[in-house]
Amino acid sequence: MKVEEKSLEGKKFKSRKVLLGASIGIISIILAIIISNLICSLPIFINSDYCIVIGFWDRIVAGFLTTMWLYGWSLMFGFFLGLFLALLRQYGGSIFSQGATIYIEFIRGTPLIAQLFFIFYGLNIPIENWNILTEFTIFGKEITFVFLNHRILFGIMALSLNSAAYQAEYFRGAMMSVGTEQLLAAQSLGMSRVTAIRHVILPQALRRVIPAWSNEAAYLPKYTVVVSLIGTTELFGQAKTIVSNTFISLSTYIIVAIIFLVTIAIVSKGLDLLHKRTGIPGL
Amino acid sequence: MSEPVIRVVDLWKSYEDLEVLKGVSFELAEREVKVIFGPSGSGKSTLLRCINMLSPPEKGDIFLRGQKITEQGVNLNKVRTRLGMVFQHFNLFAHLRAIDNVSIGLRRVKGMNKDEAQAKAFEALNRVRMAQWVDHYPAQLSGGQQQRVGIARALAMEPDVILFDEPTSALDPELIGEVLQVMLDLAKTGTTMIVVTHELGFAKAVASEMIFLGEGTIIERGSPQHFFVSPKSEIVKKFLKQLEVLYGTHEELLKPPDKENY
Amino acid sequence: MIAMFFQTNLDIITGIVNQLLMFLIGTYILRWYIKEKKTHYTNVWDTSFKTAFIVNLIWLIINIPVIIIFDFLFIEDTLVALINTGINILIGTIVVIVLYKREFRESLLFVVVIQLALFITSLVLGLLISIIIGFIIDKNYEIAYFILSVGLPFTLLLTALGLLIGFMLGISLALMRVYGGIELGWLSNGYEKIFRGIPILVLIYIFAFGLSDLFWFIDPVQIPLASIVLALGLRSGAYQSQIFRGAILSVNPGQIDAARALGMSGSQAFRHITFPQAIRLAVPSWSNEYSVVIKDSSFAYVIGIVELTKAAYDYSYAFRGTWALSIGILAILYFLLTFPVTKIFGERQTRKLKELGMGGS
C-alpha cells in the first residue's frame, strides 16, 4: 500500500539520520573523554576539583549512556502512545475522546515523581534483582551498561506514560490546525474517516508539529533524572555516588549540569536542522 | 495668505536598500483635501508615515504650520498630537471600549481629566454617528464601525490635519459607504485632510488636488477634473482604467447609505 | 484479578466491576470499528452491535474461569494479570479474524493495540474504582486529610515563592529581550537556555550542597528551603520570560503605531496599550506555569522538606501496605490543585481573549 511505502521511506531516511546522530554522539563522547583527561593531566589542573571528578569519567559515561537509553525509549513510546491519544481525543467518539482527555489531563496535572513512585512501589512486584547488561572496557576503565532491569523498565514506563500525555497535546494542536475543512473534503471524496485521517490529516499534522515537538523531545532528557530516585544509576545517580566518594559536590553537579545543557543543545539543534530539511512550502 | 498647514520638501526615504520615496514635495493649505493615489508599492503609506514621523525620512524636510518637525530635538510626541492618523487596519486598542479608545489620547497625552475627556470623546463619536456604540469593544463592532471609531479617535485630538492611510481598503464592500460618508462630511465641514485611497469617487467629490504617486515620485498632479477628463501620462491612464474596471464608476459610491444601517 | 496489582482490600468487587466495564468498552470499540468498515448502512447498528456483543461476551466468559483457575493455583498475582491479558488479546484477535475473515486481517495490529489499551485502561480503572470504594469506606479520607494537613502549607509556600521570584525575573528578562539592545537580548537568551536545560533536581543539589556557602546569611537549618526556592524561582524565571515575551510580541503592533500617532511616547504606549493586553494574553500560559511549579515543588522531598509528596511518603512508611493508595491520593490531590486552575484560567481565558479579538497579530 502506498502509505506503507512512504512510511518505509521515511523510516529509512530517519534510520540513516539516527545512525548518523548516534555515531556523532559516540565520537563526541570519546573526544570529550580524551580531551578532558588530557587537560587534567596538566600539572596545574591535576589536583583541582574538576579533575578529580573527571577521574571518575567511567561512571559519568555509564550514567550518561543510561540517561540516553532511558530518553530514547521513553521518547519513542511516548510518541506512539501520544499520537494514539491525540487521535482518540480529536476523532474518537465522545466516550473515547473523554477517556483520552481524562488521561491526558490527569497525567499533566500530577507530578512525575508521584507517577513514577506509583508505578514502581505501587505495583509491588516482588522481584529479585535481575539485570540484563553489558560490560566493555575503554581506555583501561571498565564500564558497565545495564540494558534492562526492573528499575529501568518502570522508569521507561513512567516516563513514556508521562511524555505521551504532553506529546498528545502537541499532536492535537497540530491536528486542529490542519482544520476540519480538509477532512470534509476527503470524506466528500468518499474516504472513510479513518482513511481520511491517515492520508490527509496525519501527514500534515506530523509536519506541523515538529517545532513544538522538538521542544518536548529536546528537553525530555531532563526528566530522566527523576528515575534516579528509584535507584537507577543514570547520570544524576552516578553523580551522587561520586559525591559520596569524593565529597566534591559543586564541581560534580556542575559537570552534570553542563553535560545536560550540551546534550539538550545538540539535540535541539539537530531537530532544527531536520525540520529545515524536511520542510514543505506552505506548511 | 496663511502659512500652508503642511509643507513637504524633497522627501527621500529608503528601507534597507530599497528607495521608497525619491524626492516628493507638496503643500497643503487650510481646509484642503488632498488625495494621493497610485499603484501599490509606490510609497503612499510610507509618505504618510514620514509626515507624522513614525518612520522619519532620510532626506528632506516637513513643516507643520511653519515649524520644521524634521529638526533634531523637536518633541515629536507633541507634534503628533497635531497630526491625526487613521489606519488601514483600524488599529483600535483591543482592550478598551470605543469611548475609551477615543478618550485615551485626550487623557494620557493631553492631560485632560476623565469627565472632560469622555465628553469630548462622546462628541467625536457622535460626529461619526457611533453614539450608540460607545460602550462596545472593537471586537464587537463591524469593520466599518471600527474605522469610524478610529476616525473619531483622530478627530477628538482636534489636530491640524488628519492623515488617512487607505481607510477603506480593508473593509467589505458594503461597509465602505458608511466610512466614506463620514469622510465626506468631514471634508465638507472644512477639515484639512490628506487621504491615500483608491476611492476615486470620493476624490472627485471633495478633493482639492489629486496626486498620483508612482515608484516614489509624483508623476502627475492636478484637480480631479484634470485626471478624469484628460490625464497626461500613460501610466496614470492605465491605472485609472484598471480602477474603473475593478470598482465601477464612482457615482454609485457617493450615494448615502440607508439610515437603517447605522 | 487485575486490580490485585494494588494492595487494596476490595479486590473481588473491584475486579468484577472492572471486567464489566471492560466488556462494555470493548463492545463499543468493536462496534465503532465495524461500523467504520461497513459501506452500506442498513442494519449497521444491529449487526455490528450484535457482533461486538458476542465477541465481548465470549471474552468475558472465558476470563472468569481463567482467573479462578489461576487463583486456585496460587500463582503470583502479577503473573495472573499478565497471562490474563495475553489470553484476552489472543482470544479477541482470533474471534475477530474468524468472524470477519479477510477484511480484518489487515487490522490485526489494530486489535492488538486495542486490547493492550484495554489492559492499561483496566489497570487505571481498577485503581480508580478501588479508590472510590475506599472513600466510601471512609479510610481514604484519613489519608487525604493527613497528607493535606502535613504537606500543603509547604507546597503552597514553595509554589508561591517560586512563582514570585520567577515572575520578577521573567518580566525583567522579557523586557530586556524585547526592548533592550542586542547585548541585553543575548544575556536574557543565555539565561533562558541555561535554566531551561538543567534538570531541576540537579539545580536543587547544586544549591543545597554545592553552593551552601552562598547562604552564609541564612540559618543553616533553612538552607534546604532556600535552595529549593531559589532553584524553583530561577527555573520558573526562564519559562516566564518566554511567556511574557510571547505575550508582548503578540499585541498587534499596529496598535502601537496608533498610540504613537496620538502622541504617546514609547513608554506611555507600553504602559497603556501593550502591558494591559500582554498581561491578559499571558494568563493562560501563566496558569500552566503555576501547574508546572506546583508539580516541581514535589522535588523538595529529596532534601527533606515536608511538602505533599514527602507527607504521602511518610504516611506510607508509617502504615505499611498503603503505598499505592497514598500515592494515588497524592496524585488526586495534586490534580485537584492544578486542573481547576488551568481549566479556568487556561481555556476559559483563551476563549474570552478570542472574543475580545486579542492575541492575534
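Letters are used for the chains, namely A, B and C, taken in the order the chains are written, and counting of residues starts over at 1 for each.
The rule is short, and it goes like this: a residue touches a chain if its C-beta (ideal position, glycine included) is under 8 Å from a C-beta of that chain, and two chains touch if they have at least 3 such contacts.
What you see is a predicted model; the values in this text were computed from it and never measured.
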Exercise for the section: List every chain that touches both chain A and chain C. Expected result: none
Handout entry: Inter-chain pair with the most contacting C-beta pairs
Key = A-C
Problem - For chain A paired with chain C, centre-to-centre distance based on mean C-alpha positions, whole Å - result: 17
Problem - chain A and chain B, separation of their C-alpha mean positions in angstrom - result: 56
Exercise for the section: Please compute the C-alpha centroid of chain B, do the same for chain C, then give the distance between them in whole Å. Expected result: 53
Exercise for the section: Would you pick out the residues of chain C that each touch at least 2 other chains? Expected result: none
Handout entry: chain C residues within the chain A interface of the complex
Key = 5-7, 25, 28-29, 32, 36-37, 76, 78, 113, 117, 121, 124, 193-194, 196-203, 205-206, 209-211, 291, 295-296, 298-299, 301-302, 309, 312-313, 316, 323-324, 327-328, 330-331, 334-335, 338-339, 342
Fill in the blank from the handout: Touching chain B in the complex, chain C uses residues 252, 254-255, 257-265, 268, 272-273, 276-277, 280, 355-358
Fill in the blank from the handout: Residue set of chain B touching chain C in the complex reads 52, 54, 77-81, 83-85, 87, 89-95, 104-105, 108-110, 137-139, 150, 153-154, 157
Exercise for the section: Spell out the part of chain A that touches chain C in their complex, as residue ranges. Expected result: 84, 93, 95-96, 99, 103, 105-106, 108-115, 117-118, 121-126, 192-194, 219, 221-223, 225-226, 228-229, 236, 239-240, 243, 249-254, 256-257, 260-261, 264-265
